[in-house]
Amino acid sequence: MTHFLEFSNITKGYPGVQALSDISFGIGKGRVHGLMGENGAGKSTLIKILSGDTRADTGEIRIEGAAQNFHSTRDAFAARVTVVHQELQLVPGLTVAENLRLGHFPARAGIISFRELVEDVGSKLRDIGIDVDPRTKVAALSIGERQMIEIAKAVMQDARVIALDEPTSSLSSRESEILFKLIDRLREQGKVILYISHRLDEIFRLCDGCTVLRDGRLAAHHATMEGVTRDQIVSEMVGREISDIWGWRGRAIGEVRLKVAGLSGTRLPKPVSFEARSGEILGFFGLVGAGRSELMRLVYGADSRGAGSVSIDGRPVAASDPRQSIRAGLVLCPEDRKFDGIVQGRSVSDNISISARRHFSPFGILDLGKEAALADGFIKSLRIRTPSRKQDIVNLSGGNQQKVILARWLAEENVKVLIVDEPTRGIDVGAKAEIYDLLYSLAEKGLAIVVVSSELPEVMGISDRVAVMCGGSIAATFDRPEFNERAILAAALPDRSAAEPIQKVS
Amino acid sequence: MTGSLKRILLGEQGLVVIFAIAFAVVSLTVPNFLTERNMLGLLQSVVTIGIVACTMMFCLASRDFDLSVGSIVAFSGMVAVMASNATGSIPLGLLIAVGFGTFVGFVNGVVIAKLKINALITTLATMQIVRGLALISSDGRAVGINDASFYQLALSKFLGVPTPIWVMVALFVIFGFVLNRTVFGRNTLAIGGNPEASRLAGVNVDWMRIWIFTLQGLVCAIAGILLASRITSGQPNAATGLELSVISACVLGGVSLAGGRAAITGVIVGVLILGIAENVMNLLNIQAFYQYVVRGLILLLAVLLDNLRSRSLGRR
Amino acid sequence: MTGSLKRILLGEQGLVVIFAIAFAVVSLTVPNFLTERNMLGLLQSVVTIGIVACTMMFCLASRDFDLSVGSIVAFSGMVAVMASNATGSIPLGLLIAVGFGTFVGFVNGVVIAKLKINALITTLATMQIVRGLALISSDGRAVGINDASFYQLALSKFLGVPTPIWVMVALFVIFGFVLNRTVFGRNTLAIGGNPEASRLAGVNVDWMRIWIFTLQGLVCAIAGILLASRITSGQPNAATGLELSVISACVLGGVSLAGGRAAITGVIVGVLILGIAENVMNLLNIQAFYQYVVRGLILLLAVLLDNLRSRSLGRR
Amino acid sequence: ADVKIGFIVKQPEEPWFQDEWKFAEVAAKEKGFTLVKIGAEDGEKLQSAIDNLGAQGAQGFIVCTPDVKLGPGIVAKAEANGLKVMTVDDRLVDADGKPLEAVPHMGISATKIGEAVGEAIAAEIKKRGWDPKTVGAIRVSYDQLPTAVDRVDGAIAALKAAGFPAENIFDAPQAKTDTEAALNAATVVLNKHADIKNWVAFGLNDEAVLGAVRATESVGIPAANVIGVGIGGAESAINEFKKADATGFVGTVIISPKRHGYETALNMYDWIANDKAPPALTLTAGQLALRDNYEAVRKDLGIE
């Protein structure tokens, strides 16, 4: 039987890494097919080959029986294949409309018809259900909004095959739902959709079948999801069983460690106050643009504060300087891995030791042995997939980059408050469980931990207390016994009648 | 400052407004500045910088760099003269010069885009190679032109304004339009803003870079021809250091060296600031050595003002 | 090519290997090249570029740019001479010169880091301001030194090798160590790789940039003093265009203009390539105008070779 | 042994030095020695050039230095390399500015040549019957080059001596030494003094004066009202004389690169081969060439 989209014997190697070995499987017309696997299993690599971004060493892709030979993304586009890449690929200085039609502007004799551009994009966005003015500059959008734009970019084109690489990693459930409806519609139109996600619920909600990769090999292929269970997929992915992924365990909650009082900033005009205690995991939930990331950046001193104060163990932390925060024991894993997290062009080891190295550098001279040991230790304990600690971090898969950033702060001595913004964004199930476990043991050591997440099950699964943000302020807080999905969601939804429209700078 | 004044000063067109104010102040305080003659002289003095800035804007906006412009200007001017002499036809001579400049630009583009050699090094190399060729082909001497109508390119006037100024204005209009209204212009900004995203979106990045450098070469040839006509000969030493002036003008005008940001109004203002600074210093009879210092301070001041502006813009 | 040869040529140290081969070829084919005299002359000829390249490497690695080095070299040399003359004490004169260079570098750093003005523009401005000050303070003429022991700085030898060469070698060692083995060096590279991420990881980016420019100023002063001693006077026109040579040397040596990548071995090779090119062209009596062309071609060739190398490295 | 002589010049791009080299080459052919030509734009390059000559086994060199104050350094470097040295065009001085008498020199006095320009302009003013008080003078200046200062100062001195009022001399500083920069600077002066009808112009070299003449043309001052006298007499000036209509560029003071190039090379050869030291000081003179006699003057000086 020939499939609509068929991968046969795809192989791809990088120096020191066999990213894909001999991958073959097919997907029928009008089907949504999941692609699963641990971080670094080779999912994105497969998508990159499908999009013409990278070329396979051997093997071939067939669409409707015809062999495809993509030399560039333009070739793939011409064959009506579009892709949402794992990392956002937008041009911040251009408008939403321009970004959506980049590479394919409506133009006569090279002159762009801006009216047509804006109208066309506007109507398509409305069609899809995205509420953004096409004339807004992308720079003014939040990550979540950008992600939606990125998805729109792929979906708007008249494609036969659409591949989505972790499209929901920075979407809240509300936007995710918009996306799922969209995918259902595309399925009805007979498109083939290849869907990558680390969220199993989504796979079961959306997919007609799925393929699991492990270490670049095909671990399992399910033509239908009938009879397939979660546990089965998890064990196919990680090679072992994970019974309770959250694994929450109670612990003693102590004194207030982090106290935020009346904090405000340019993009968060209303003052916000909250506290986190020793041993406590405080979850922050909210919809995209609720202001959680803004708040955490202010707490950390990444952006300059308007008013308010932050103190740790009763001692105030100087405003607007991450260094002061780090020295006071307050650290942040940022949400935007690419722009705020990784240091491109530098090794894994360098990325891990960037902050902590000052502790083992008498007179500023590095102890290379200690640095190497530190890096190797984390590569092992966090199971970071990399050929060596000397690998350039940009060559790591998304999830493994995230682990490196976490390792950066775990390496710091004397951390009292750990803020993690979307800590498991792009992290596979197995690693998620490990990270949660790590958070619990850190909390047990007496740290106060703040977790920002747009995944409601995650927030509810691991937090001792949840703060819900809406429109730039904390709308409600819930203690673990009071956790209730509907109540939390309700608190996150803005009261449409009372809320002022969100102002955007274009 | 009242709110609305602040808004005007710090708004999108803030640079233009600041410039207009500075211009008014200079007009009122510097004798002989605001005369028709001086204005025309001033504009003529910025023709070379202004013309070359049009395409340098594209080059910088796409995150590239071109140091070879001065050499191309000098050599194309010489080619225009030599080819006119050799063929006995000025139009043919000009055509050959334009062809030559375009060719050098094309070579730059191909080397940079296809061989993936850093633009700074490539154009530093062609800057020297072309200058060397200019010196070799003329034995280091100025080449004169036999046909006096060649001078008319620069001396002729339309509505009382010399042709070179019109050419500059026309190029400002054309390239302003291209930047804002065409696929080419938007793709240029996209490449500068996020090369990876542009490539993935199907923009032919290599081809765009080749085109941008080719255009740069063409425009340098035009500037070179006008310059040769103004100085009535082709000189192998002309236009040294032009690259830095042009890049300064662009950066002054808000073109980002990190790519992705450019506007023709800014570039025009940048060019005029440089021209006015020179003009006023000479009108005020400021000593040559002090001119260096003043030039440096003006540069700093202009960028500082613009930074303050855009910073408070970001804070709104 | 056999596998292992390929591995050597295209490996980490490929640039060094290519250079070694080129050196061997030149030694065998160019008469008078591989003599002790010529080697010492060659090394002395690259002292200024070599010294300044040490800190320019840091500057580029952190994604900055410094065009003011030539002016600082010239002026600090003059200051050394003038201050020695004025105070009657050479050590005091040198101290004042070093202080002066360091101060200019510090000003660069503060303006760039704190006022957030583009480094290119800032240093283009200080380049002109400092050059202007140099000209003003000397009325455009060279200043001679009364005390002949000033010349000894450059003429004295240790183990048969002139002091300036030792100074250069010492600085290579020091800055090579600083780059790879200290927090300062690693933070420099981190800033170049991603300034925002580095800031959030607790690197004091502003402070680092100020330090880098300050060091650059200090090192320029050292180069300026040695130069003044070698040419036995302080010259306001010295070292013009130095910035481009130094940046070329760094880029030739694999320092990325996009920041985050640098190695001292590369920089040393880059400096030597430039020096050898000049030396050999003069030994072979290549005509001045052709030297331009050859210089350009060597630049292109060196980067091209290196690119081919690192490209096939990526493909393995 | 084979004789090898270096000829180092400060601005190899300048036609003047091309000519000097050309004539030195003639001497080399005649006597059968090797001539090594090196350009050295600044003190550092000059030091390397001398080392380089030493390494190649040259026995002596002739130099036009980028700066006369480099004197002691050049002498020391030459000694260290065992090279004989003589200077051409510009004479070396010590730290106090006194000429280094021990180094043989052939040259022209920058001040003298400037005076020749001034005198030529004054004569032309007289010939045209202008009243000096109504004439403006453009001093195209490039003050960071000491020779340039001396030349224009010479011209000014001669003009003043001929009764030209000092207050009518206006400074037009050129940012670079090319024609375009001179043109732009001179244009400002002309526009600032729009009331003045008659203009004279002088500067560092032909290119500078040409810039000023172009400026008068661009603001519409007829050639009859302009007197520009340059220095050098190379192509840019000749091109001007070849134009069908006379321009404001009336003349140029030609100095002969032939003697400077040929004779110095010959002197150095004699010094090395026959141990015959050159004369300590030879001063050559410039000669004024006008539109109608430039060919004769050039022949006279041995060029062409």
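When the chains are written out, they are named A, B, C and D in that same order, and each has its own residue count from 1.
As a working rule, contacts are C-beta pairs under 8 Å (C-beta built on N, C-alpha and C of every residue); 3 or more make two chains touch, one makes a residue touch a chain.
Keep in mind the model is a prediction, meaning the values are calculated, not measured.
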| Taking contacts as defined above, which has more of them, B-D or A-C? | B-D
| note | Averaging C-alpha coordinates per chain, one finds the centres of subunit B and subunit D separated by a number of Å equal to 32
| note | In whole angstrom, the CA-centroid distance of subunit A from subunit C equals 43
| If you average the CA atoms of subunit A and of subunit D, how many Å lie between those two points? | 71
| message | Rounded to a whole Å, what is the gap between the Cα centroids of subunit B and subunit C? | response | 30
| field | Junction residues of subunit D, two or more chains touched | value | 12-13, 143-144
| request: Would you mind listing the residues of subunit C that make contact with two or more other chains? | output: 135, 140, 288-289, 291
| task | Can you identify all of the chain pairs that touch? | result | A-B, A-C, B-C, B-D, C-D
| field | Residue ranges of subunit B touching subunit D (in the complex, touch as defined) | value | 31-32, 35, 37-38, 41, 44-45, 48, 135, 139-146, 148, 154-155, 162, 227, 230-233, 235-241, 278-279, 282-283, 285, 287-289, 291
| query | For the complex, which residues does subunit C have touching subunit B? | reply | 67, 111, 115-118, 120-122, 124-129, 131-133, 135-136, 140, 244, 247-248, 251-252, 257, 288-297, 299-300, 303-304, 307, 311
| Which bits of subunit D are touching subunit B when the two form their complex? | 12-15, 18, 141-144, 170-173, 175-180, 183-185, 187-192, 194, 207, 210-211, 214, 217-219, 234-236, 238-240, 242-245
| said: For a test of understanding, state which residues of subunit B touch subunit A in their complex under the given definition. | reply: 181-184, 186-187, 189-190, 192-194, 196-204, 260-261, 315-316
| If you look only at subunit D, which of its residues touch subunit C in the complex? | 12-13, 36-39, 41-49, 51-52, 54-57, 66-73, 76, 80, 93-97, 143-146, 149
